[in-house]
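Listed below are the structures to be examined.
Below, subunit A partners subunit B and then partners subunit C, in two separate complexes.
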Partner chain A sequence: MTESAANKAVNGEVCHRATNGVKPGRNGFVKNHYHYKQQKNCYAEEKVYHTACNGGVYSRPFIESFEETPMFVAVLTYMGYGILTIFGYLRDFLRDWKIEKCHIAREREQQKDFVPLYQDFENFYTRNLYMRIRDNWNRPICSVPGAKMDLVERISYDYNWTFDYTGRVVKDVINMGSYNYLGFAENTGPCANAAAQVTMNYGVGIGSTRQEIGNLDKHEELEKLVAAFLGVESAMAFGMGFATNSMNIPALAGKGCLILSDELNHASLVLGARLSGSTIRVFKHNNMQSLEKLLRDAIVNGQPRTHRPWKKILILVEGIYSMEGSIVRLPEVIALKKKYKAYLYLDEAHSIGALGPSGRGVVDYFGLDPRDVDVMMGTFTKSFGAAGGYIGGKKELIDYLRTHSHSAVYATSMSPPVVEQIITSMKCIMGEDGTTMGRERVQQLAENTVYFRRRLQEMGFIIYGNSDSPVVPMMLYMPAKIGAFGREMLKRNIGVVVVGFPATPIIESRARFCVSAAHTKEMLDTALSMISEVGDLLQLKYSRHRILPSLDRPFDETTYEENED
Partner chain B sequence: MASGQQWVLVEMVQAFYEAPAYHLILEGILILWIIRLLFSKTYKLQERSDLTEKEKEELIEEWQPEPLVPPVSKDHPSLNYDIVTGPPSHKIIVNGKECINFASFNFLGLLDNERVKQKALTSLKKYGVGTCGPRGFYGTFDVHLELEERLAKFMRTEEAIIYSYGFATIASAIPAYSKRGDIVFVDEAACFSIQKGLQASRSFIKYFKHNDMEDLERLLKEQELEDQKNPRKARVTRRFIVVEGIYLNTADVCPLPELVKLKYKYKVRIFLEESMSFGVLGEHGRGVTEHFGVNIDDIDLISANMENAVASVGGFCCGRSFVIDHQRLSGQGYCFSASLPPMLAAAAIEALNIMEEDPNIFTVLREKCKHVHKALQGIPGLKVVGEPFTPALHLQLDRSTGSRESDVKILRSIIDYCLDRQVALTQARYLDKEERFLPPPSVRVVVTVEQTEEDIEKAASCIREAAVAILK
Partner chain C sequence: MAFGDAWKQISWFYYQYLLVTALYMLEPWERTVFNSLLISVAGMAVYTGYVFMPQHIMAILHYFEVVQ
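Up next, the complex of A and B:
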């Protein structure tokens, strides 16, 4: 009942906005960070924290911030890349003339006269920029990827061209990088025990596809459970999260269909859309006006050239965007989708388990009806500590996928112990195991998230994204600081993820923390104080707005006492 | 110089005063027009709409999309899957009935091998199940590095790279190298994951007739002529041949030595997909290169999944570092996907151990394959498709009934007949509308080392009975 009331309000508002254009109170999405035009800097002061309370649409405050890149930082960042590029060219020149030793693997002599496998410029970035800071990625670990992990120590004597393993282990590194939102990456406890039992009974392989003879009773059990968990009629599980997108979107859309995709969608969604052969149009990140404009234009104008009406329109969005930490404006997307009769494909890779009072993802977070989302997609890799992906929705949808999904016909089905891990962890979240452990974890994650984000903001870092998102991107900007931050943090026994171009826009390099329910307050405090220390060392506290948004959350005040630094 | 410039300026001002008013106005309008053109929004075709808001609203109101998915009929042949209870090993329980497994690609019988299970279990106790991250972000485990090293050593190549999903392996590897404008020559019988990789690469695709080297050479010659016309373009157009070791869809082997000759003659790189031949062909199970005695360095990239002979999950590519290393930043299924659960990697390592310790297993498998191939000969109405030494044969109808649908039904009833008599078989499934060249419907017969002589005799006579009963 409340649902429909809310929806009416949304519809009203959407129509209103369509004619009205920008409303002052709604700059939350109008001015997201993609408008990093420097001349707007002087106005940044009052636009840092966009609170969008949209009356009936959002049941809770929707606080999402993307602070402007300070002008001088932007200039310095570009200069940094400029210098790196100049040195890159210089060193390429030296390598060409054999003055500098070249470590790159070479083409075989016999095939020198073949067309080169790579264009020279293709690897310029890898050779001259990535190689300098390569030690920050692919760090091998040799323990559970839990709240703390052990890293294999490696050392490079030739500036990261090759690594030597010293045989030593860096023990007890606080893990701020793994997507272990609910802490189900465990080697003991009910999940691991159940998985071990299934390994003994079933083995690990399957050796066939779902449609042929690889459909185990375990798979059927999992799918029923997923459907119940999501609150949809039916669900189907697949062996790989990436492939769930890239192999199922082509089954849903084809020639003559239009796919509207968020500009920051994951590579798997982009690949799936491309493989489908549909027309793809991209809207600005989480920008509902951009989406609505595309929808209107598409329906009014039809297909290009022929002007035939589109067969169907599919909107692709993610629950939490893994590089921005932003949460999709789902109530508005659903309102638009209903108004324009489009279909909605929601990828909950990062949000399932990690959002919502009962851990059921972004739909739960906004208190919406899962039936309003046509295709509920998600992965088991993150919150469930397993591997694979699922699609949930109406029975007709799943029946169609069972018969037409590329995955069901051609790909080996999921490994039984992995399936069991998902079943046990999902039951735990649902409380079906008879404990409150799952619920506590969901709550703990929410508390940890709010605490961690607030403390970082207080310290003066520029933090992107929604205040409830456990994905916390912290801006580094300059290319040199990417490497420096990763290394300095590791020195202090904290494992962080740093990302730069091409995963982010060129000047917006960042560190990304993933908060987990398994993090204790001590661990978070240790991590925070180290981040602060390194932040001072590298001058990362760019934010010029130390004022905090009012945090009127139910938890928060009572849970942790605040100690201002 | 300075005085000269001044003179020009003065002259300009004078000319300005002397010019007639209409001229000035015209120039003014022209300048304004230019400014407008400069600053106006870029011209978009879509926006050129003379519709009023009301008309637009009506259009939006009227538009009715197709349903998200077309309805599936209740009796669709692949809607209701057979349910397997328990492990899909030598004995398999299909729909509640215990059968001998002639359907799972468990060639070496490693699926429920005790050693493999124990290794997986030890790994589970150490690492848990999931990796909670892609390889780049703390998803690289020491087990992954070990498996990559072992695979490279096993195949005697410089480097190997593992993927977490067999299907995604070749489908990611092809587009990592072949881009828009490049040319790929591919066998018509190539499996679906190759087709998807080719589609993702957006290259020009040229299909040659299955295993027909003359046809391939014809295409290569055509291309050579084309290149002579436009040598500048030819210098940057990469060429690839994509073939399978043992074809999944036809169960025969690619003529690798001829392909290698063509490779050097026309300077084309070879990508070889070995999911069916890795751990099957060759004295040590290294696949089709070992089978033919071809130098493995002559093949630019070999890809295989670890879901058949290795009986785990995932896939790998191997070859020279110069080629393989590129995928670590460009292989989409590698970079953007969570890494392989360590317990599955550990299982794969143990499977490799077993394969290395006892290469005899491959000879045994080949003997069984020949046996099965022979036993299936001469069944009335059914023909065996595939080479005698391949482990996944196809049984096709001798004479099609004319419609694919009824062929599928007939084959299904043969399978049901066998299932009732405790022989588990399955149909080779395809997406009829998506396949480039749809293979005829067939029953898959998979050979494993665990099948005894009696099992094989039983299966063969069972299929024969079924064929006699159903195809009459």
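Up next, the complex of A and C:
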């Protein structure tokens, strides 16, 4: 499939897509011989940048930007954390000397002389930094988390150690935090009706695992539908997305295998890789030179002491990385995998349903062949409005997983209304229910994404990630601004998710918006005007580039772009 | 109303100072402790400058033989 993508570029039409900054010959990625021929067709010497110089494996522009942290902001952020740390030590001292009442978990009196249980830096951070702004997380929602939701109002009289409910409900809060990409989180409509009907037929509980007596005909129907949706031979569904990764990677890799995992992989992938017992090597985020170097080292040197060849090499990547908003460079990964004969495990948790002209995920987005990806994993939580995960691939692989996966053998199978929600929403996306609603939703999401990202970047915020990804991380940096942003947005009736350490590096805290197809343009405009207002109040408009930066240069050591001035 | 505008401007600057130094997240007594420390250190620096600057400037000018 990579050959045909390359052929698309040869006819020169890609040369007119002037959106990427690529200097020819600086690729450092797989030196396939056919891409040198195309460089003669490219107008490389002038300012028309295009994708063909990237080896011709990309059939569309790949615009990703991670603007560098301004130095002044980084210094002030460190200073802020320093002040908080000093006050944290002061408070810990007061708590230790019983001058102040201690609200957190402590050992019992009889255990005071034992090795301490509650003393790491992670707990220091929780006690002294997280607790102070804890009201931004775990907010109870009392309606369906669609485009708008209702929140239960809380108030705390002891600085977030305990919360009381005032009895009021904050109504119609615009929801910019749910992973509701296609808007299927709703309590009316064909999906909800079908799920209700199935509850009447099958009940809600299953009471057994897939292997024993918990295999319903609904599960079989779902798996056939998922396989048809993805374009693979066979698929298997699991009850929990996290468990899909952490329980199935150990079944696929073991001792003597090598796992090459991206730097910023999700905790479920990391846990699965560690549980498997294989050797794990980490390559820099979305950096194909780093991956190629690791592959070459692995094949040349083999296993650490014995130098025997690795039993298998498994590359773990994600479709969309939810903290960065970046999309994996899938054509290059597939080219590398084919060249070095490794296996590819693609986790499409955020990208299934959200990318691609027909919503079939990142493989569809790049126009590649699903048979090139050995294991296609995804979740139903994000775009389908349900819960659970799936793995798709060749029939032999899935049959093997049915017997050898921990999740299939030990975990209870999916609940019938959830299965029906997935079946109905997937048929809707595929267009098999007879309406064009699925297609419209996918297009609406793409338009909303482009519009939202463009407006935020024009306003002057630093936005990470690919211009097509519906996950939009907006940088906040300073610890006080994390809490202030969450609270100010809630005052203006917009619910956002703010993230700090340890989910992100310590100075790169961010607010993460998730664009949804259920958001109308008015909602997005309201949200954008409020974001701009709060951005001015909190001085969050750090970006020094007023123009949309376009960069498709392979990254060297860092993923930051350089100032082009 | 000029005082009103000035007051608004000052409280905006104070808010920015709270955000940047992360005092926004601290409890009121912690803010008082930090602000008092900061003001006392700044006050001591200003006082030292006021008392010793004439002597230092005279010494520098004497060194460069601008003044006897």
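By definition in this document, the second predicted complex is superposed on the first by the 479 of 565 C-alpha atoms of A that agree within 3 Å, B and C clash if a C-alpha of one lies under 4 Å from a C-alpha of the other, contacts with A are read in each partner's own complex, and residues count from 1 in each chain.
By definition in this document, contacts are C-beta pairs under 8 Å (C-beta built on N, C-alpha and C of every residue); 3 or more make two chains touch, one makes a residue touch a chain.
Predicted, not measured: the structure shown is a model, and the values here were computed from it.
Visitor: In the overlay, answer first, second, both or neither for which of subunit B and subunit C A:163 touches.
Guide: In the superposition, A:163 touches no partner, neither subunit B nor subunit C.
Visitor: Return first, second, both or neither, reflecting whether A:124 touches subunit B, subunit C, both chains, or no partner chain.
Guide: A:124 sits against neither subunit B nor subunit C.
Visitor: For subunit A, which side has the bigger count of touched residues, subunit B or subunit C?
Guide: B
Visitor: In the overlaid three-chain picture, which partner chain does A:538 touch, first (subunit B) or second (subunit C), both, or neither?
Guide: second
Visitor: Between subunit B and subunit C, whom does A:84 touch in the aligned arrangement: first, second, both, or neither?
Guide: The answer is second: A:84 touches subunit C but not subunit B.
Visitor: Now for A:76: first (subunit B), second (subunit C), both, or neither, which partner does it touch?
Guide: In the superposition, A:76 touches subunit C alone.
Visitor: Is A:132 touching the first partner subunit B, the second partner subunit C, both, or neither of them?
Guide: Second partner only, subunit C.
Visitor: Does any part of subunit A touch subunit B in one structure and subunit C in the other, and if so which residues?
Guide: none
Visitor: Can you tell me which positions in subunit A touch subunit B when the two form their complex?
Guide: Those in contact with subunit B are residues 105-108, 110-111, 113-119, 126, 130, 137-146, 149, 152, 175, 177-180, 184-187, 191-192, 195-196, 199-217, 220, 239-243, 246-247, 250-252, 266-268, 271, 274-275, 296-297, 299-301, 304, 309-314, 340-343, 374-375, 379-382, 384-387, 396-397, 399-404, 406-412, 414-418, 421, 495, 497.
Visitor: Where on subunit B does subunit A make contact in their complex?
Guide: 45-47, 49, 51, 56, 59-60, 63-72, 76, 78-79, 81-89, 92, 94, 101, 103-106, 110-113, 116-117, 120-121, 124-133, 135-142, 144-145, 164-168, 177, 191-193, 196, 199-200, 234-239, 264, 267-269, 297, 300, 305, 307-308, 310-313, 320-323, 325-326, 328-329, 332-333, 335-338, 340-341, 343-344, 347, 424, 426-431, 434, 444
Visitor: Sort out for me which residues of subunit C touch subunit A in the complex.
Guide: 15-16, 18-27, 30, 34
Visitor: Per the contact definition, I'd like the list of subunit A residues that touch subunit C in the complex.
Guide: Against subunit C, subunit A makes touches at 76, 79-81, 83-84, 87, 90, 129, 132-133, 159, 478-481, 483-484, 537-539.
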